[in-house]
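After this come two complexes, each holding chain A, first together with chain B and then together with chain C.
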Partner chain A sequence: MHPSNVGRIGLYLYGILILAFLYLPLVAIGFASVSTSRYLSFPIRQYTTQWYAQALESGTVSDLLWISLQVAAIVTVISMVLGFFGALAFARYQWRYRRLYQKLILLPIFFPQSVLGLALLMWFNAVGITPTWHTAIIAHLVWIAPIATLIIAIRAYSFDPALEEAARDMGCSTWQILREVTLPLLMPGVVAAGLFSFLLSWGNFPLSLFTTGADLTLPEWLYAKMVSGYSPLVPTVGMLSVAASIVLVAIALALPPLINRFTRNSSD
Partner chain B sequence: MERINQRLGVLSALPVVVFLAAGFLAPLCVVAAFSIMPQKVFSLANLPDFSSYALMIQEGYWESLLVSLAMAFAATFILFVICWPLAFAMAKVFGRFTLVLTIGVVMTLFVSENIRLFGWVLTLMKGGLIEGYWRSWTGQSFDGLLYNVPVIIFGLVYVYLPFMLFPLAQGIAMVPDDARQAAFDLGANRWQIFREVELPLSAPGIAVGCLITFVLTAGAIAESKLLGGRAVIVISDEIERSFTYGQNWPLGSALAMTLIAVVGSFAIFGVTRIDLDAIMGRKR
Partner chain C sequence: MNIAAPVRLPAGKADLSRQAEALRPTHMNAQPILRVVDLKKTFDGFTALDSVNLTVDDGEFLAIVGPSGSGKTTLIRLLVGMEEQTSGEIWLRDSRIDNVPANKRPTCMVFQSLALFPHRSVGENIEFPLKIRGVDPALRRARALELLDLVRLPQHYYGKRIQQCSGGERQRVALARALAFDPEILFFDEPLSALDFRLRKMLEKELKDLHQRTGKTFIYITHSLEEAMVMSDRIAIMRSGRFEQLGPAEEIYAKPKSRFVAEFMGEVNLFRANGNGGTVSFEHVTVDPAAAAKRGLRPGFSGDLMARPESVRLLKPGERADVMATGIVESEYLLGSRVQYLVRLASGYKVTVELSRENRVTWEPGQSMGVGFDLDRAHLIQEA
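Then we have the complex of A and B:
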């Protein structure tokens, strides 16, 4: 009882429609970023790339990029490490408080992010830490490390514990097993988690809003400009940020086949 | 083996548990402590008086909470209806196209939600993508579509679609084809199969999807600010304002605690009833 052909075509069209719906606002931003006029109005009469030139030359924009990049990079590294061990505890080892632990991991994900950001701001204040972009790293990690854990856990579920047991029977220490057996097997999950961590941190707004203090990340700057009135740099910088994400995903998708080919050639 | 498992489990859980205790549970305790402080203080070294909760009821802040919850219910329901056919197709009908869709949908998550919402502002505003082209083709003009309650719900549906779609698809993938085939052979129609077979068997995925969308939409703030203008004030907006313009941390904390209590009770109710191992694909 598979759906009829008409039904299948309908579902495909529906899928394409949803994708179009998801990308329509980005198309609008793309058009706005190449419009000549300082006050945007559709239809666009003349096209220009001057805003891109201006954005790339601007010192503010490069500062913003640099801060966002540092935050995202550090968040990625830490959440890969926390997520790797966290996922083993989540999915691989049978231990007493595992169910409780699984629920603790889910809680920060099931939590309004703006409230979480405020809670962290008060906590930093209570322990006497002045918020800068360093504190934003902590805030991003509270939300992103559990997500990284879940992504790696999906991989850890499909992993055969017999492989680790065999290594142990052959006399491997726990550390050797982790390095030689577990880590290589979970590697695709760890890489996927790293990619997600970077991109989620790169685009995060609600957590950064309260926890960066006087520093600004890219999404925060964009938001400040949006609510204070239109600036032609907003769509341009928005498009640049989107382009950066796309480049990163493209690299991530292209790398594994390249590495495979390289290692195969060298082993021949 | 048992003992080693026990020890390794605790050891590998330790880093993330310690981190979440310091970065998640401790801040929540601070919010709880601030919520019972007297008005407009900035330290915890005061005698608690619970005045913020009284103020919250007297000044009608609970109305914002109701508005937020009502919009969250509406958005969750609409998302369920929109996502079900697509999730079904992703799990059972599409082959390679599922991967394309997954990558396409996940990519949008990586673009900051305020950029995407700003895109809708440019699309829907007067002189925006829709109205602007309509005017130049037909010569008729109409007001922008922004700044009302439906457009806020529209924004919520837009931003949180992936959070409903993927859990649903995961849940539907758990329904064995044999069960649907058997129901069909016994004479069930499409609606009966949906109600009697698919709905109950994919319940864990439905629960996760609805919970996460409800929780996130109830605490959402950017949609109402960017798309809604001043049409309504949602609870997160109210919380943010008590911290920024209001300079009243105890009031903001009391509002935050109320939101956490309402949303958290839903989340905990759901999370304790879900078997995570089953959803995430344990084969043993």
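Then we have the complex of A and C:
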């Protein structure tokens, strides 16, 4: 065999190993969620969809999904707005305290999330706010909005300032520049930031643990069930959560080509 | 767009001074469209623009030329309203506009980067100023198609993406968009600088042609003198935030007011006056006293004697000229229709001689050769 072929096969094997390492645990949970036995063991004797039926009928599970969804959706919208304007200040405009602002924005990302969650919980207590899933939104934002800002800032860095100047030169007001030039050009970044915000909030555990109070988000419930009172619904709910993420990513990937096709048709 | 096309004379280097005079009144019905009075701009103590005064006629093509850092970009940004002046006035016809924001000024600029919107098609880019003004979509489209025609782009480019256009096509789109705005004055900030030589040459001529067809006032910034000479009626040479000289291209080329302008305006041979004693003499060359007297050169003249390479000739044995020197031909450069010789004089000074190709001479390395020119083809730069 030619030596370069050996190298290539080796590379493929290495790639497959990495993928297996990443995805096998997920696949195992997938099998567990359709197995009749209470605990996962191979080979699976009998397949069933009963856990999914139970999960979807269960009021607890639908509550979990609903709370997680609300938190993630609200965090996503606010992060996109804050991230958009934050990114303009971060990357587009020159102002006096820009460097300081850039550092301060980055700081929460590097904080250990559990410390951040604890700090916020203590702060909520001090102010006299009872933690619920509403307060979790604030906690998520402290960590996620900076990430959204960074993602949009990357896009804003490659933005030619002359585009805004040209728009103004041709008669645009500040608001028109924002609507006609800045926002459409940063839109890919804003969408990416929204996607990340949703996924990071949807899967977040440490911040939610400290700040949701009596309410439970999906990751919290999974953890609670693992610690005490394991239920065969655990892998099922886990799979439902993964499925939601996959659907969202799929939509996000399918969106740009669809938008492109739509705009091309309309301009012809 | 029904302003009378300005009158232009054919260019040629035959009689520079006469043409320069003829070009001075640039337009038949010239009336100032722009008046700049004592304009100053400082950035944190640095003076970018130091008292600029300028009057531009309606329909004129003015080029502002200068090395980088001379203040030309600052000037144009002040004129379109993207920067605020430290002091001074800008008048457009009868109204003062220096405190009017950029989006309310009836001026438009073609940017160096062109600033075409990458998220819009060619047609949408051209229509943009009309859209902002709230013009009906059907009218907008009709106007955009008209403008595509004017800048010589095919109609089907209307739906093309900017990314699909070549550099030259983008120039045309940017120009069409600026024309759609229908500005009183159209500004250009070196839009051709990124293009390759051939395309640039072609677009320079097209731009000049477009200027004539639209009758608009163009103010064009460039660091390329050639570009300015090809296109403009008048050229302003900028240096450290001031106009060093302002006049028709021919005048600035043939009669520069300073060494800076002479050297900036292309290759030049300069000989400094010695000015000692009662005779007229210059460094490196001998001047015929009778010719000097006839030219009005008096002893005590201080300044430079200037001769463009095309005014200098290689002398045949025994041939005379008002100004002469002897040197050794060092190299020969073929420039297509012209040929250039570098002649090193005994003093070490190198004289550049440019002849048309038919007058090319044969020479041996190290061969001694006379160079010379007559005073009526030379220019005297009086020291200020």
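Assume the second predicted complex is superposed on the first by the 251 of 268 C-alpha atoms of A that agree within 3 Å, B and C clash if a C-alpha of one lies under 4 Å from a C-alpha of the other, contacts with A are read in each partner's own complex, and residues count from 1 in each chain.
By our rule, contacts are C-beta pairs under 8 Å (C-beta built on N, C-alpha and C of every residue); 3 or more make two chains touch, one makes a residue touch a chain.
The shown structure was predicted, so the numbers you read here are calculated from the model rather than taken from an experiment.
S.K.: Do chain B and chain C fit side by side on chain A after the overlay, or clash?
M.R.: These partners fit in the superposed model.
S.K.: Does chain B (first) or chain C (second) touch A:47, or do both, or does neither?
M.R.: Neither partner.
S.K.: Mind working out whether A:95 is in touch with chain B, chain C, both or neither, as first, second, both or neither?
M.R.: The first partner, chain B, only.
S.K.: Of the partners chain B and chain C, which touch A:165 in the superposed model: first, second, both, neither?
M.R.: both
S.K.: Name the chain, either chain B or chain C, that contacts more residues of chain A.
M.R.: Counting contacted residues of chain A, the larger count belongs to B.
S.K.: Is A:29 contacted by the first partner chain B, the second partner chain C, both or neither?
M.R.: So A:29 only meets chain B here.
S.K.: Check the residue A:173 against both partner chains and state whether it touches chain B (first), chain C (second), both, or neither.
M.R.: Only chain C is touched by A:173; chain B is not.
S.K.: Output check: A:138 vs chain B and chain C. Expected answer is one of first, second, both, neither. What do you get?
M.R.: So A:138 only meets chain B here.
S.K.: Name the contact category of A:185: first (chain B only), second (chain C only), both, or neither.
M.R.: A:185: touches chain C, not chain B.
S.K.: After the superposition on chain A, what angle is formed at the C-alpha centre of chain A by the C-alpha centres of chain B and chain C, rounded to the nearest 10 degrees?
M.R.: One gets 90 degrees for this angle.
S.K.: Note down the smallest distance between any C-alpha of chain B and any C-alpha of chain C in the overlay, whole angstrom.
M.R.: Once the two complexes are overlaid, chain B and chain C approach no closer than 6 Å between C-alpha atoms.
S.K.: Return the residues of chain A at which the contacts from chain B and from chain C coincide.
M.R.: Residues common to the chain A contacts of chain C and of chain B are 165, 168, listed in rising order.
S.K.: Applying the document's contact rule, which stretches of chain B touch chain A when the two form their complex?
M.R.: Of all residues in chain B, those touching chain A are 1-2, 4-6, 8-17, 19-20, 23-24, 26-28, 30-31, 34, 42, 44, 82, 85-86, 88-90, 93-94, 97, 101, 104-105, 107-123, 127-129, 131-133, 136, 158, 161, 180-181, 184, 211-212, 215-216, 218-222, 225-226, 236, 239-240, 243, 249, 252-253, 256, 259-260, 263, 267, 271-272, 276-277, 280-283.
S.K.: Under the stated contact criterion, what part of chain A meets chain B in this complex?
M.R.: Chain A residues touching chain B: 1-3, 8, 11-12, 14-15, 18-19, 21-29, 31-32, 40-43, 81-83, 85-86, 88-91, 93-98, 101-116, 118-123, 125-126, 138-139, 141-142, 145-146, 149-150, 153-154, 157-158, 165, 168, 174, 199-200, 202-206, 210, 218-219, 222-223, 226-227, 234-235, 238, 241-242, 245-246, 249.
S.K.: Which of the residues in chain C end up touching chain A in this complex?
M.R.: 80-82, 101-104, 107-109, 111-113, 115, 117-119, 121, 123-124, 128-129, 131-133, 159, 177, 181
S.K.: Quick check: in the complex, which residue numbers of chain A touch chain C?
M.R.: Within the complex, chain A contacts chain C at residues 160, 162-163, 165-173, 176, 180-181, 184-185, 264, 267-268.
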